[in-house]
Every structure is written in structure tokens, then in C-alpha cells.
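Heads up, the next two complexes both have subunit A, just with different partners, subunit B and then subunit C.
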Partner chain A sequence: MRDKRMVLFGFVRGAAAIALALAVGAIFIFLSSDEPFTALRYLLIGPFVSYHGGVTAFNTQNFYQVLAAMIPTIFTGLAVCVMFSANQFNLAAESCVLVGGFVGSLIGIYVNMTTGWHAVVCVLVASVVCGLIMLIPSVLKVKLGASEMVTSLMLNFVLLYIVLHFLNYHFADRSKGATMTFPFLESAKIPSIVPGNSKLTWGFVIAIIVSLLVWIFMYRTRWGYAIRMIGINESFSLYSGMNVGGTIILSSVIGGLLSGMGGSLEVLGRYNTFVWRELPGYGWTGVTIAILAKNNPGAVPLAAFFLAYLNKGCQLMSTHSDVPSEMIDIIQAAIFLFFAAEQFLSGFRQKLVVKTTREELMRTESLTATEGE
Partner chain B sequence: MFEQLIQSIFQADFLFIIIRITAPILFAALAAVISEKAGVANIGLEGMMMITALFGFLFAYWTQSWIIGVLGAMFVGILLGLMMGFFSFKLKTDIILSGIAVNMLGAGGTIFLLNMFTGLRGNTGALVSPNILIPTIDIPLIDKIPILGEILSGHAILTYLAFIFVFLMRIFLYRTPLGLKIRAVGENPNAASSVGVSVIKMKYIAIAMSGALAGLGGAFMSMYYSQGWNQGMVAGRGFIALAAQAMGRGEPVGAMFSSLLFGLAQAMKTKVSGLRGMASYNYLIEMIPYVVTIVGLVFYAMSIKRKARKHQLRPIK
Partner chain C sequence: MEAVHELVVRMEKITKIYPNGIAANRDVDFSVRKGEIHALIGENGAGKSTLMKILFGLEQPTDGAIYLNDERVNLSSPLEAISKGIGMVHQHFMLVPSLTVAENIVLGMAPKKGGLFIDYKEAVRLTREYSEKYNLFVEPDARVADIAVGMKQKVEILKALVRGAHVLILDEPTAVLTTQETVELFQELKNLREQGFTIIFISHKLKEIKELTDRITIMRAGRSVGVYDTDSITEQEISRLMVGRDVVLKMDKPEAVPGEHVLRVEDLHYVNEWGKKMLDGVSFSVRQGEIVGIAGVEGNGQRELVDILFGLKLPDSGDATVDGQSLIGLPQAQIRTLGVSYVPEDRMTFGIAQTANIQENMVSDRYRQKKFNKGPLFKMKSLNDESDRLIVDYAVLCKSRAQEVGMLSGGNIQKVVVAREFSSDPILIIADQPTRGIDVGATELIRNRLVDLSRAGAAVLLVSADLNEVMELSDNLIVMYNGQIAGYFDDGQWDDLMMGEYMLGLKRQSDDEIRRACHA
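Here is the complex of A and B:
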């Protein structure tokens, strides 16, 4: 009885937080736009419903595009989940996506292999490289106590400039106007699973499978348990004999592996050549997803879907109305603040608890009363 | 090449540039110091600087007065600090997460707000005029001294303010009752609360002050340093300031020296990239300040650990 109500409360609370965030977004739309209703329509239902001469229809291509946009963010969401579960505020997933994409691209361009294995090798090497990169902040944290948050933030910039250096001066295709690498070999590209231009590749299927695997890892294995226990109470874990340092490093390396995988799958699936010239921002979206999923890998695809939908809505809104697409950041920040707020609607929860307890008391009283007779 | 480098470094204007580059980092580092003293990790400094830089510039533009712009930036900074405080102290959002939320507002939200208020996209280049930029001042007497005058005189008013604030902050933290209370809250909230100090109130005061200082840093960026607001303007200075705070052991004077170190790294970056034959290393040079930050943090952490070992203590996790 109590559990059921609390679960329901959890859903209501989450929905209220999201609704409030969207309301904040709507206020800004009404403040800034001359055509607020058009803007809102595109934001909220634009991604799936298309209008053609007054006829509304389900827009399959847009739907595929939303799913395709989930590929990198599911991976960064999972990465952040694993790291935050161990209470590591490691924010280097952002640059690991970039490095993963870059390393995957280089192998996809310069290493000649048979079809089928080529893409797999690209993705695996990219993942391993990013896993190794994550050793920097985590080992510094464990061995020296240097704040992983600050080191990882700095690492984002360092890695960005290293990638830009190699992209510009070692691997650039000088025959093109813009800075880009040579095109990927066909064998390295991640194939699409649907016809059309939506870029919904096998990466999506892999992302869903990996979410499942990470869930199993976190909730059904000893290492996952250790990671979560360290997040809940580090001292307890230390004194009960867990290898705290090693587990923290493990969680960060897994975070790196996952972000590198996401980056390479995204680049090899979406583009023909490596074109990123700045941090792609998927790491920060991953943080939002991890918050929405409450660090539960099983809920990550759902949260990623929600954000991808919102993002698509914002893009459509900026194309079809006068509201800039950066609106997404305001909505995301609001979701962040309300969703992560433990005390949000706490008064309501308090009432709910009191009510449930009262009912239970009355029931036990009437039970003892009948027994007494 | 190195001769060139050394020639360009041993000049008065190089030291002048270091001071100029250090000022905004110093404001942000002081903002990090005050909030950290109250036990509040303000990771939102980057976003705070972006937002206050925008509003400082807009207030200055609307009123055509740089003073109002600076005050407006501080005011918006205080509001942002209180907002973070409300969500973190009242609604119990993790302070790191409220910081990240502010950073998101700073990254994309500012572009949206700029568009909403002015219809411009990406930067305010079109609105700049001399009377909304922070003026520079020559210090009488000192500007007559040959080399020293060139280095110390002719900076923006806020530059001097940044360095004055280092010492004001020190006095505030160690010589006033309020400073004592803030430090007590940061060191042991339970002990502070047991002698009747309101922990929440002290934290609110600290993060509001942090916001005001970040506002000064933001105003300095948009109204002096880059002469107008643009999207990539703050470029990680808020994060560097967090590192400066950590490296400076959380003390105002220490934070000043580590800020100067980052200022030096940034200034070196501009000097080295100007040299012949270095053009194709521009991106690697670009990353110097961030590498210096990581190395600095490592040395700081090592020194703490060594000290802990000397006192036969376990390192503090």
C-alpha cells in the first residue's frame, strides 16, 4: 500500500517537475515570440505530427530522426549514470565523445579491413582509448585526492585542442574548403536499419542492448553493487573491506568506454567524414539524462527519448517560428533544477505519508479490536 | 625562436597583459573562495559569468552608463546565487547539479535571452560604444616611474578592484564576525549551528557574495576585456577559477597567486602563438592554461598528501 503510493508519488513528482519546466519554457516563448502558439505547437507535437495542407499525419521520418538522435546521448547518459552512481562528478564524458568519434574515424579511414569487422574494430578501439583517458581524472582522484570534477572539466578543453591539432595539421583533407578528414571507408560505416535519410543506424540497437547490459552490471553483479554502495556510503564501503579506489577507477573507465563507444557510433553512423570542430555537448545532455533516469541505466533510453523529442521540437520551433532553438537549454536547466530537487513537493509527500500511516493504524486497530472480541 | 620569445616576455607590456588577463579569473576565483569557505561548491561560476556579462552589457547599453552596467551585473549575479541557494538549500537539489543548470543557462540561455531582448544573434558587436566600456585610469605618481608605471598604470578600474578585493576578502574572512561565522559554517556546520549561527543564512550570504563577484568578473569580460558580449567569451574561466581556488588552498591570497599563474599561462599563449614557425602549433598552445591547471592541481594535491603523511594522518578524502 505504502510502496504503491510512493511509486505513484514518484511519477507525479517527476511529471510535475517536467510540466513546470515546460511551463517556464512557455513563459519565455510568450515573452519573446510574436507567434507563441505556432511555436508551442511545433515544440510540443511538431516532432511526430506533420501538417500538409490541413491534413495531419504521423511523421515517420521525424520519428526515426528522434530515435537516431538518441544514439550518442544514451551512451553518455549511461556513462554518467555509472560514474555518478559511485559519487564521481566526472564530467569528461563530453570530451570522450569527441575523442571516441575522432579515433573511430581515423581507424575507419586509414586501416583497411574486411567489411563486417571494420566498424566493430573502430568502435572498440575508440572505446578503449576513452576508457584509458578516464584513468587520468580517476587515478588522480584516488591516489592524490585531486577533485575529479575540476580535472575532468580541464581535460575537456585539453582533449578538444589535441583533437583540433591533429585534425588540422595531420589528418585534414586539404582539397576541401572546410577542415575535415578524408572520407570513411565504406566498410567502417554503421549501416542504417531503416530506409531514408534519418540516420537511424544499428547504433540504436546497440545502444538499447548496452543499456540492458549496464543495468545488469549495476544491479546484478558484485562490481555494480560495489559501485552503488560507494556512492551511497563511501566510509561504510571502506570499512567493510571494499576496494574503494579500484572501484572508483573502474566506474570511471566504464564511463569512458561507454562515451567513446557512443561517439564513434555516432560519427561513423551519421557522417561520411569527421567534421566536429567543437565539443558536441552530448556529455552535458548525458548528465541531464542521468538525472532524469535517477542513475538507473534501465531508464536511460526513456530519458534520452524525452530529451531527443524535446530537442527536435526546439529545432522545428526555431525553423518554423521566431523562437531560437537555444530555448532547449532553458527548459533543460529548469528540468534539472526541479527534477533533482529532493524536497520538491515534499509537503505533499509528507501529507501522503501521514495519510497512509493513519489508514494503516486504523486497520491494525480494527484488526486487534476484532481479535479482542 | 626562443630568443624572440624571451625578448617579447621581458617587456613591460607582457606583465601588463598578465595583470589584465588575471583580473576576471581573480574575480571568479574569489567568488569560488567565498562560497567554498561556507562549504558550498559553486560550479556554476562559468554560467554566472556568461549571464552577468550579458546583463551587465545590456544594462550599460540601455542606460549608457558603465557604472549601472557593473552594478546590474552584480545584481544579476546575486540573484543567480540566491536562485542556486534556493534550489540547493531549500529544495535540496545537489549543489553540483544546480551549478550545472546555471552553466546550461549560461551556454544556451544567454543566446536566447540576447535574442529576446535585442533581436541579435550570437554577439553584441553592433551595440558597443565607448561610454559603456569600463574606463581605464592612470595612477598619479606611479605612472611617471619608467617600467613600473607601464606595468601598473592604465588598467581598467575593475582590474585594480580585483586585487584590492583580495585583501578586503582576507580582512572580511578573518577579521569580521560575519566572516568568522561563514568559515565556521564551512568547517563544521553542526558546531556552528550549536552556538546559534544560522547555517542556511550564512550559506545564502556566501553564495550571494559569490554571485556578486562572478558578476564583476562577467562585467569585466563583456565591458572591457572583449568589448562586447559574445558566445564563446568566458571560455572556461569559471572552471579555471575553481582550479585556482583549489590550488590557492581556498585562501584569497593563494587564489590570487594561482590566478596570476593562469594569467601568465594565457599571456604566454598569446605571445608564443605570435612567433614565427609556431603557427601550426596554435591549438596545442591554446591548451597550455588548462594543462597548467591540471598540473597545478596535482602538485597541490601532492603537497596536501605529503603534509598529511608528515603529521601521521590519513589523507582526507
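Here is the complex of A and C:
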């Protein structure tokens, strides 16, 4: 009985958070726009529907674009899920995407290989490099007790400037006006799976498969089990005889692998050359996604879809109405707040707990009373 | 006669249910007269701390009302409680070690110079003034990191007084003090009482309570079981009310046939972080097939002993071996592979992962074993079978193995812990307060299983503050007092009066008698 109530509570809480966040967004739209209903229509159904001379139809290209936008964020979402599950607030997924993209690009430019294998090698090397990078914050945490949140946050900037250094001084294509690398070899590019310009590549399929694999890893293997138990209660895990330090390092390395994979798939799928000059922001989105998905890898694609859809909706809203696209930041922040706030609706939860406990106490008391007679 | 006494604190029908569903207080009435020292006594987990946290605004009651000087109040934070004249001295001091005594005392309410800078001289003056007025000697310029525990406590009391407290809550104040410091503290508290302060004194120690306090409220299992004038009640009566000896669970256990030595503890010494000697030359052994019980008032070294045996603390000297192999310095994983299993006192912290499900909690010590894995993957069926078997074996009341463990009742949570710890074929079981705060049914099941396991050849070390439990279950019994073994009993002829005398330090066996605990 307790369980059912609590599961129901979880759903109600999630739905309420999203509804409230959208309501907050709507308030801002009504405040800032002269045509709030047009704006809202684009925000909510724009990504699926196209209007041409009064005729509404399903908008395939927009839809593909939404799916394509999910590729890097599914990976960072998964990475953050694995690390948060071990109770590691490691934020270096952000820079690992960048490094992964950069390393993948270099191999895609300078190494000659056959089509097919080339892209695979690019992505794998990028993943391994990022996995190794994650040893830095996690080993510091385990051996020295340094807060992984601080070290990983700092690491983001260290890695950004290292990449920029190599980009500027060693790998830039001097014939171009802007700083970018030479173009990728055709064999390294991730091919599209649909016609058109949507950039919906095989990366999407890989992202979905990897989500499934990560779910299996977390819920069906001994390592994932240890990661989750350590995240829930480190003292308990230690007492049960788990290798706490090693597992924390493992979770971080996997987080790095996944981020690097996402970064390289994104860069090799979307662009012709490496053009990132700043942190791409997918790591932060990954944090939002992991929180929305409650650290469940199976729910990551859904959360990524929700955010990508919202993003696209906001983009369309700002193109077709007078609402600025920054609105998405307000809505995202609101969702984040409502979900992350443990206390949200906690009064309601406490009432449920009290009610259930009272019922149980009464039941046990009546039981012992009858036993006593 | 009640009417002539002015009640400064009155708590009515206080009920507190924590978010994990534990009912810590149930319809508790509690009142304190002006100018008295009032003892609040009860076993750990009886709900005293929760009640005091509610009075100090740290926790909100689920139900019930609080009156201060007959005025209904709502204490939503310690800040509010302090402004209404309530002060609390926690067992573990809340002081900033790098600041001086005076700075700590005025922390958060520091006198200002020119509205911006702390007027340190004024802080020192204020400290001196209060220190002299209430006869609590402290050194205002000393750094808190450098002063002794006794003085830290005085700083805490002064902190509360400077903030205008007229009701002082002291949470087990003597637990960290030496005898001399305790004597001093009592003098100071009596002095404060004469000046009209009201003191609530939480303790386990009957002698102290008899010596110091005017009235006593006794708590058991989240309820108040009575209020007495200290003079009108004997220590025996208090202890009987505290532990509730009326429900005696009789154990019929077959005779123990001790075999080889399994656990040997040799001359353990341990001094805690406050410089107090917690273990002072403890030696004993536990053999196959016997239950050795450790009785004693809490805080006499049992906690430290168990922590050392399960690798949480390192002793200053001495050794502990299982089957000849030393445990000292080993990680828990290796201690477990030696065949030691452990029922922790704090089951919510060490025994379970609250938001994980029953199955996940039941296999935490064995999930790596071959029979549960196939290549990289779990064999879900084996895991499920294992947990289903344990759920049935230990009569865990739940809907399924997928139920979240934190949602079970206290007794069922403990059954999950015990099911895991008892089912790993241990050669040594360390059971620390295995039945504290759980229902009668679960208690009986756990006690029966302990006896069964010992009769099947396991060595069992049982540490329990429940005198009834150690006396019923143990084949041989050790009483600890002040970090030492005060008595060893192997004849089964013990009763609570006799135990009480050893537990409270009134009696001590000769060294030769105590040495028998090693079964050398």
C-alpha cells in the first residue's frame, strides 16, 4: 500500500513539476509578447506541425532535427546518470564532449583508413581518451578526498584551453578566415540515416542502443549494482565489503567514455570540420536530463527528447513571434528547480507517510492485542 | 500539588513520525517546573533526543502542542527556540575550533565597533562577566582547539546563557567527561539551579540522575512511561521502567558445547578523539558454538570494541584475531571473507540502503559470487531465488522482493539485515543491539536464529544494551564498565540486580576471575 502511494506520488510530482515549469514559461510569454497565443502555439506544437498557406501538415524535417539534437545530450545524460548514481557530482562531462569531439576530429583528418572503420576508430579513441581524463577528478576524490565537483568544474576550463591551444597553434587551417581545422576525410563522417539536411545520423541509433546497454550495465551487472548501492549509501556498501574507491573511479571513467563518444559522434556527424571554440553546453544539458530521468538510463532518451523538443519549440517561437529564444533558459531553469528541490511537495509526501504509519501501527497493535489474549 | 509549581515547559501529546515512517514519539506528555533539574531518561531510541530536538526547534512535531510559560508556541527553528529562552548543549560540541572562547561565545551576535568590526574587547568582557556571574570558569582568549573537553562544555553552556536561555537542555553531558570534570559540572549545574535556571538533563547513568536531579521523566519505545520525584524512586525501579522488564521473553536454548577458539581479543587499548580512555586492556575470547554477551551501560567501551572488530577504528594497542588471523587494519571486504558477519547497531546507516529494494539489500555481501553471475551479467533468476528464499526464511513482511526497503517497518528492516548476515555461513557473528527498537515478533525470530546458529557451530558475540536480552541469550556474559571488563560470568547464574551492580561500577571481579574470559 505504501509502495503504490509512493509510486503514484512520484508520477504526480514529475507531472506537476513539468506543468508548473510550463506555466511559469507561459506567464513570461504573456508578459513579454504581443501575440502570446501564436508564440505558445509555436512553442508547444511547432516542432511537429508546419503551416503552409493555411494547410497544416506533419513537419518531417523539423522532427528529424529534434531527434538529431538528442544525439549528444543522450550521451551526456547517460554519463551524468552513471556518475550521479555513484553520488559523484562530476561535471566534467561538459569538457569531455569537447575533448571527444576534438580527438575524434584529429583522427578523422590525419589518419587514413577505409570507410566504415575510420569513423568507428575515431569514436572509440575519443571515448578512451575521455575515460582516461576522468581518472583525474575521480582519483583525486578517492585518494585525497578532493571534492569532485570542484575539480571537475575546474577541469572543464583547463581542458577547454588545452584544446584551444592545440587548435590555434598546431591544427588550424590557416587558409580559412576563422579558426578551424582542416576538413574531415569523407571516410570519418557519420552518415545520415534520413534524406535532407537534418543531420539525423547513425549517431542517433547508436545513442539509443547505448542507452539500453547502460541500463543493462546499471541494473543487470555487478558493477552497476555496486555503483548504485554506493550512491545510495556509501557506509552500507563499505560494510557489505564493496570496493568503494574503485567503483567510484569506474563510474567516472564510464561517464568520461560516454561523453567522449557523444562529442565525437556529434562533431563527425554534424560538421565538416572542428569548429567549437567554447564549451558546447551539452554537459550541462546532461545534468538536467539525468535529473529529469531520475538517474535511470532507460528514461534518458525520453528526457532528452523532451528537452530537444522544447528547445526546437523555443527556436521556432523566437523566429515566428516576438518572444526571445532565451525563454528556454527560463523554462529549463524552472523545471530544474522543481525537480531538484527535494522538498517540492514534501509536505504532501509526509502526510502520506504519517497516514500509512498510523495505519500500520494500529494494525500491529490490534494484532499484538489479540495475540496477548 | 502540581498547581503551585510554575511549569516553564509543557509539551502535550507530542507525536513525531519521521519521513522514513519511524514513529519516534507517540503522544508524549512532558513538563518541566521552573528552577528544577529534570532528568529525561530512556534507552537509546526511546525518543528522548527527538523530544528535545522538537523543544529546541530542530524537528517539527507531527502532532501535539508546546507551551512555554503557559503560552502556546510554534518552534520552527532553533533561532526561534533561542529567542524564547531555550538553550541546548549538544553531546558533540558545536564550536569553531580555530576561534577563541570569547569569539565562539558571541558568534552570530558579536558586539560591533563602528557597525562593521567585531569589538573583541567587548566580547572578552562579556565572556568574563557571564563566566563570573555563573561561576563557569573559562579562559576567554584561549583557542577552542586548545582547551579541554570540560571547558568546551562550559563554553557551550555560556553560549546558551549569553543568548538569554533560561531553560537549558543538556544532551548526555557527562558522556565525554572525566570523573573530575563531571563533579565540577554538577556543582555548576546546581549553582545555576539556585540562580533560577531550569535544566533538562538527558542521561543513561542512574547514579548521576539520583545525585543531581529533582524529577525524572522516563521514556520507553517512544512513549513517556512516567514522571517521578527523584527521591521517591529507587535506581532499580528506574531501570525496570526504562527497559520494561515486564515483557520477559523466555528462551529455551540447548546447552552450549564450546569448541575451538574463533575470536580472540588481546589487551585492546583505545583512547578516543577527546582523549578519553574508552578501552583499557580488554581481553576475551569467543568459541565455536557459544554466545558471549557483552552487557554494560552505553558508553563504557562497547561501541569502540565493535568498531575495532569490524575495521572502523584502529586500536592504540592490542590485537584481535579470527581463526588466528589478525583483523586489525583489514578492510571490511577481507574481514567478511574470513567468515565474520555483522549486524550493525545503526541499521539505517550501515545495515541497509534505504531507497534500494529488498532484493538489492539482501545480496550486498554476495553479489559477486559465481552462482549469481554469468559472464558480465547477473543471473537474475538466482538473485531472485536467493532473496525470495531469505524473505520466506526470515518471515519478512513485504509485498515482494522489489519493495523499497526503507518503506518497511523497523522490525522488517532488521529482518532483512539479519537474513543477509546470518545466511552467509559465518564462523563469527557480531550482533550489535540486534533487536533494539523493533517489535516483539521480529525480536523473537532474531533471537531464536542467533541461538540456532550458535548451536550449529558459529561463534556469536552479542552486544546489547537490553539487559534482558543479554541475560537470556548469553551462554557466557561479560560486563563492561569504564573501558574494562568488570566481570565475567559463565555459570548462567545471574540476575539483573547483580548485573546492575557491575554495570554501574559498584562491583568489580578480581583480575583472576576476569582473566577467565580468555578461556586460556
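Convention: the second predicted complex is superposed on the first by the 334 of 373 C-alpha atoms of A that agree within 3 Å, B and C clash if a C-alpha of one lies under 4 Å from a C-alpha of the other, contacts with A are read in each partner's own complex, and residues count from 1 in each chain.
By definition in this document, contacts are C-beta pairs under 8 Å (C-beta built on N, C-alpha and C of every residue); 3 or more make two chains touch, one makes a residue touch a chain.
Everything numeric in this text was worked out from a predicted model, so none of it was measured.
More residues of subunit A are touched by B (comparison of subunit B with subunit C).
Contacts of A:Phe9 after superposition: neither subunit B nor subunit C is touched. In the superposed model, A:Thr357 makes contact with subunit C only, not with subunit B.
In the superposition on chain A, A:Ile216 makes contact with subunit C only, not with subunit B. In the superposed model, A:Phe48 lies in contact with neither subunit B nor subunit C.
Legend: residue contacts after superposition of the two complexes on their common chain; A:Phe236 is shown touching subunit C, with no touch to subunit B. By the document's definition of touching, of the two partners only subunit B reaches A:Leu164; subunit C does not. Once the two complexes are overlaid on the shared chain, A:Tyr225 sits against subunit C while remaining clear of subunit B.
Shared interface residues of subunit A (contacting subunit B in one complex, subunit C in the other): none.
Remark: subunit A residues 28, 31-32, 89, 140, 144-147, 149-151, 153-155, 157-158, 160-162, 164-165, 168-169, 234, 284, 287, 291, 324, 326-330, 332-334, 336-338, 340-344 touch subunit B in the complex. Put simply, subunit A touches subunit C in their complex at residues 2-3, 6, 216, 220-222, 225-226, 228-229, 232-233, 235-243, 346, 349-350, 353-354, 356-358, 360-361, 364, 368.
Contact residues of subunit C toward subunit A in the complex are 17, 19-23, 26, 62, 310, 331-337, 342, 344, 349-356, 360, 364-365, 367-368, 372-373, 376-378, 380, 399, 403-404, 407, 409, 439-440.
The touching residues of subunit B, counted against subunit A in their complex, run 43, 87, 90-94, 96-98, 100-105, 107-109, 111-112, 115-116, 121, 236, 239-240, 242-243, 246, 280-281, 283-284, 286-287, 290-291, 293-294, 297-298, 300-302, 304-305, 315-317.
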